[in-house]
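Take a look at the structures listed below.
You will see two complexes here that share subunit A, one where it goes with subunit B and one where it goes with subunit C.
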Partner chain A sequence: MSLKDKLLSSHLVFEDRSDMGSYVNNLRNDAIKVFKEKGFPSKKEEAWKYTSLNSVLKEDYSVFPKQETALEYKDVKKYFIHDIDSYKIIFIDGKYSSHLSQTTHAGIDVCLMSSALSKPKYRLVIENYFNKAASEDSLSSLNTAFSSEGAFIHIPKNKLVEKPIQIIHFSTGNEAATMLQPRNLVVVDENSHVQIIERHQSLTNNPVLTNSVTEIFTAKRAIVDYYKIQNDNENASLIDNTFIKQKQESLASVHTFSFGGKLIRNNLNFYQNGERIDSTLKGVTIIGNKQHVDHNTLVHHIEPNCESHQDYKGIFNDKSTGVFNGKVVVEKEAQKTNAFQANNNILISDKATINTKPQLEIFADDVKCSHGCTIGQLDESAMFYMQSRGIPKKEAKALLMYAFSNDVLSSVKIPELKQRITKIIASKLGVSLGFDL
Partner chain B sequence: MLKIENLHASVEDKSILKGINLEVKPGEVHAIMGPNGSGKSTLSSVIAGKEEYEVTDGTIVFDGEDIDELAAEERAHKGIFLSFQYPVEIPGVSVTNFIKTAINESRKARGLEEMPAKDMLKLIREKADLLEIDRNFLSRSLNEGFSGGEKKRNEIFQMAMLDPKLAILDETDSGLDIDALRIVANGVNKLKSENNAVVVITHYQRLLDYIVPDYVHVLYNGKIVKSGTKELAHELEAKGYDWIKEEVNA
Partner chain C sequence: MSKYTEDDLREELKTKEYEYGFYTDIQSETFPVGLNEDIVRAISKKKEEPEWMTEWRLESFRIWQDMIEPDWANVNYEKPDFQAISYYSAPNSKPKYDSLDEVDPELLDTFNKLGISLDEQKKLAGVAMDVVVDSVSVATTFKKTLAEQGIIFMSISEAIKEHPELVKKYIGTVVPQKDNFYAALNSAVFSDGSFCYIPKGVKCPMELSTYFRINQAGTGQFERTLVIADEGSYVSYLEGCTAPSRDENQLHAAVVELIALDDAEIKYSTVQNWFPGNAEGKGGVYNFVTKRGLCEKNAKISWTQVETGSAVTWKYPSCVLKGDNSVGEFYSIAVTNNFQQADTGTKMIHLGKNTKSTIISKGISAGKSQNSYRGLVQINSRAENARNFSQCDSLLMGNECGAHTFPYIEAKNKSAKIEHEATTSKIGEDQIFYCNQRGIDTEKAIALIVNGFSKEVLNKLPMEFAVEAQKLLEISLEGSVG
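Up next, the complex of A and B:
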């Protein structure tokens, strides 16, 4: 049975278990029909031209989480940013782990999607926001069809959330192959500020496919900083669908650090519904072997006087492949838009590949839009310069790559996180450098 | 200290150095002059170990060891320093972080612990003052957006930090105004001792008024065609290089 057929038949069972007739259940039923009609995307579709899901779809995934497997904090501590005080929403094989989590309802709601879906007091937020940003593409629809668990974050107005929120999805490999479909909802009301760190982590080499949907809503003057750490092991694949709807004067940033995993596809979509909005999309990708990372971004400028900043850096070794497809749409009404996009890549091996494609659709006439992409090798003259000062080749290479990534790292606002990412980069490059950039 | 014998080197199969002989002893200052394209920069790159250059014949012996097979960083660890004619810009790495890394890598290679942060800071301050370098300058990205003078001063600052046995200054005077030239030369002179040596590569005599050489060599067409004392530099300044070319071609 194909994965599609398996999912379709599993959904019949899934329906029986959920609350019939509710708002979300109706969405699920509509969504499975969309998935049934569209199926998994193929390379024939323009947006999937350079990314084939065939190799990840052939596994026989178990699609429903079994009982929670207990994990000891000390065994998984290294996957946390553990040197900061934070809220934690932790899942193991798709099930909430109360043992590892630290949620709150004190003034803000940092909790579970399942409880938000079942409790009447959250009904309004759910009905106002759930699935109101996600698009009707087949993968997001598939997630909606099975949506039941994930992070639920609601920050009422005028709250500065001082502790970052960590969302970690662990998979234990207890099943031969596991498919996970987390569903996250983040609603940040006026003048509030929140920082979120998200990570997907497999604990064994058994195949995992995660098809995640995250919807983020920023109200007037709200600020959201979202960091994605993608450093999973070689049999774990991730399709990350993130949708951000911003209202006037809000600031939203998403930093995506892609260092590991078999196949990663990031569908990152920003919709600006208001004036003087600022959107930031940044990423560092450092991969090797046969890894594949695809960044598919959209920024939709709808109203005047808004900005967007995109900066993606990629370093590709061995036979790895990268894709950057960045689309910027500026509607006719969106005058005085400033939209910047840069995608810079270094190919370290001559068998590595990058496909980069900026797409600008501009219907307004008084705008500033720039885009640029570069593909290069490490600068030989810079290498010799550093070596002549006593820095060995490997370290010199690493230093150049750090420097290359630094524009993105420098805008990470949580120092401990920045330090951790620096360390991950160092270990990826097989060096230890005596300082953090 | 440095003994070069019958050195032949080529890049991309083009022969550039065609039999260089040069001996530099501790405490000496040598100037290598010559017209454009004579092989001056190639000679400095070959001594420093640039991979693109292939030594096809001859030997380079440093402190009694044939260094031909050593990588550039290993030569640096032994005490060879090359001040670049065109220092490379490295955005994202500050001057301070760069020099810290360079020093600690050299110490590591010599089996020493990393230099304590406090000592490092003290050393950086001391050497920055020597070169009249503003402290703010040290946190800027290496060479990025530096003026010609700032780049060269930064090279000599790194030389001061690394304290090499043999410093090769490749066209360090190019792009310097007279004040910067004086600061740079003054720095080099203060670092000079009877245990180290300097090879100044230059097109013009100007720098040699400040860094006074014991020996002057003229490089032409890949060979040292004339050697003398500092008076030779004055002669070249007055008469140009044509008479040398004529002598050689005669």
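Up next, the complex of A and C:
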């Protein structure tokens, strides 16, 4: 039985379990129809030209985990940014782990999607925001059809959330292969500010496929910083669909750090519904072996005087493949738009591949839009300079690569997170950087 | 002080009619509409082609029948009905001429109206012309001069008869019959075109040029051009076209193949000014062209194009950099106005070591037009030290037009160096202010800026052609240039 058939039949079971007739249930039923019609995307689709899901879809995934597993904090501590105080929403094989989590309802809601879906007091928020940003592509629809658990974050007006929120999805590998479909909703009201760190981590080498959807809504003058750490082991695949709807004068930034996993696809979509909005999309990708990372971004400039900044850096070793497909659309009304897009890549091995397609679609005349894209090598004279001053070749190389990715790192606003990522980069490059960053 | 503003310019652009729209009444022999194997055979027979050519056409036709018309380009148009087109039309008076005096005077008049009279060309520029009116070559000049050097420059139907070994060896090697829908169609029904062969070590003494022209109502034109530059030779080939004002859509599906053998260099320049449709977007030519060049060792192919016409353009002059140290270049200006749509760009396929490519593309959109750049830079795993530089700039006039960029970059070699940059902007108020301040009125200022914007590409055109290019830019963007 193909994964598609399995999912379709599992949905019938899933449907029986959930209460009929509710708002979300109708959405789920519509969504499964969309998925049934469209199926998994193939390479024939323009957006999937360079990424094939075939190798990922052939596993026999179990869609509903059978047993619950408990994890001890000391065993998984290293996956947390543990040296700062934070709210935590932790899932183990798709199930919420109250033991590891630290949620709150004091003034702000940092809790679970399942409780938000079931409790009447969240009904209004759910009906106003749930599935209002996600697009109707097949993978997002698939997630919607099975949406039941994930993080629910609602920050009311004028709140500065003083500590970051960590969302971590663990998979324990109890099943031979697991498919997870977390669904996150983040609603940030006027003048509020929140920082979120998201991570997916599998604890064994059993294959995992995560098809995640995150919807983020930023109201007037709200600020959201979202960080994604993708450093999973080599049998874990991730399809991350993130949709961000921004209202006027809001600031949203998403940083994606892709260092691991078998296949990672990031569908990152920004919609600017208001004036003077600022959107930032940044990412560092450092991969090797046969890993595959695909960044597929969209920034839709709908109204005037908005800005967007995209900066993606990639370092590719061994037989890895990197894809960047960035699209900026500037509508006719969106005059005075300032859109910038950069994608710089370094190929370290002859077997590595980069496919990049920075795309502009512009319908307004008074705009400043530019994109740049480079593929190149490390500067030999810089290497020579360092080596002539006694820095070994390996370290010199690492330093240059670190400097290369520093444009992205420098805008990370949580110092502990920055430090952690620096360490991951150093270990990826096989050196210990002897300076504090 | 003139009060000429961008709005005025826009207004002028809107109302600007196609100046070269007229229709010459030459008796034509036209085939019945529709396409089937019999028509393909009949075309081949009409042209007195050898058996292998007929077979080649039929093979292409069979391939074409199984293909689906592509729709991935960023253009919208009513798909042509391929069974409603007449696939062959030739001017009636057919004898070949050695001198211009023998040419049908009405035809000469046509060219005089276009301002590109053969006489003038002959005297001033020393350009040999292989004039194509409705698919059949009617005049070839300077043939003798060229023949002395061993250069073969003739219509492709003549070449099939006189130099079958060359045609057979090279036709379809760069653009195979099954390459794409329109290439297959062209391979099946191509009516005529130019053939050029430059022998080893010969530097062609003059610019070779062909003027294409659609002249018969409802006749699609299917040109086939084959240029072969043998080892160490050099040729500069010019192609330009205008078409009369007609209401129904006309289809133009040409195939151009360039072959540059070791150390050879081909410079191929195009000025395209097919009828773009009127201000309401009615009519206009569909221009679906496949152009590709193959570079052997140390060879160089340079494409330069000025695209101002056609209702729909779908064109990607490409270079396959097969030999080591080969060089590919692409310089383009695409101007769209009113309801024109252009989806154009290039493909640079790096296969050999130390290959280099440069892409400079300038798009100017006005009115309600859509202008897209679509390009591919591909570095294969064996292409050590490949180098590419791409730059695509767009200039938008008014907020009803669109500019799009679709650059595909695929690198499979670590020593590759690729740079791509694109910008989109309008004519800056500060730039105009700067000019105004120095006593240059706004109209002149816009002209200066647009000129400067396109300069990098205009500079690449051969001198004789640059004048024509300027002229065509004027028609498309009158009031802003010169």
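One rule holds for everything that comes next: the second predicted complex is superposed on the first by the 435 of 437 C-alpha atoms of A that agree within 3 Å, B and C clash if a C-alpha of one lies under 4 Å from a C-alpha of the other, contacts with A are read in each partner's own complex, and residues count from 1 in each chain.
Rule of thumb we're sticking to: a contact is a pair of C-beta atoms (placed from the backbone, for glycine too) under 8 Å apart; a residue touches a chain by one contact, two chains touch by 3 or more.
Predicted, not measured: the structure shown is a model, and the values here were computed from it.
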item	value
Touching partner for A:Glu395 - first (subunit B), second (subunit C), both, neither	first
First (subunit B), second (subunit C), both or neither touched by A:Leu57	neither
First, second, both or neither for A:Ala382, with subunit B first and subunit C second	first
Touching partner for A:Ser370 - first (subunit B), second (subunit C), both, neither	second
Contacts of A:Asn355 with subunit B and subunit C, given as first, second, both or neither	second
Touched partner set for A:Gln335, first subunit B, second subunit C, both or neither	second
Chain touching more of subunit A, residue-wise (subunit B, subunit C)	C
Which of subunit B and subunit C A:Asp407 touches, first, second, both or neither	first
Subunit A residues contacted in one complex by subunit B, in the other by subunit C	none
In the complex, subunit C residues that touch subunit A	72, 379, 381, 394, 396-426
Contact footprint of subunit B on subunit A as seen in their complex	379-382, 384-393, 395-396, 399-400, 402-407, 433-435, 437
Complex contacts: residues of subunit B adjacent to subunit A	45, 48-52, 71-73, 75-77, 81-82, 84, 87-93, 97-106, 109, 114, 141, 158, 162
Subunit C-facing residues of subunit A, complex	46, 332, 335, 345, 347-377
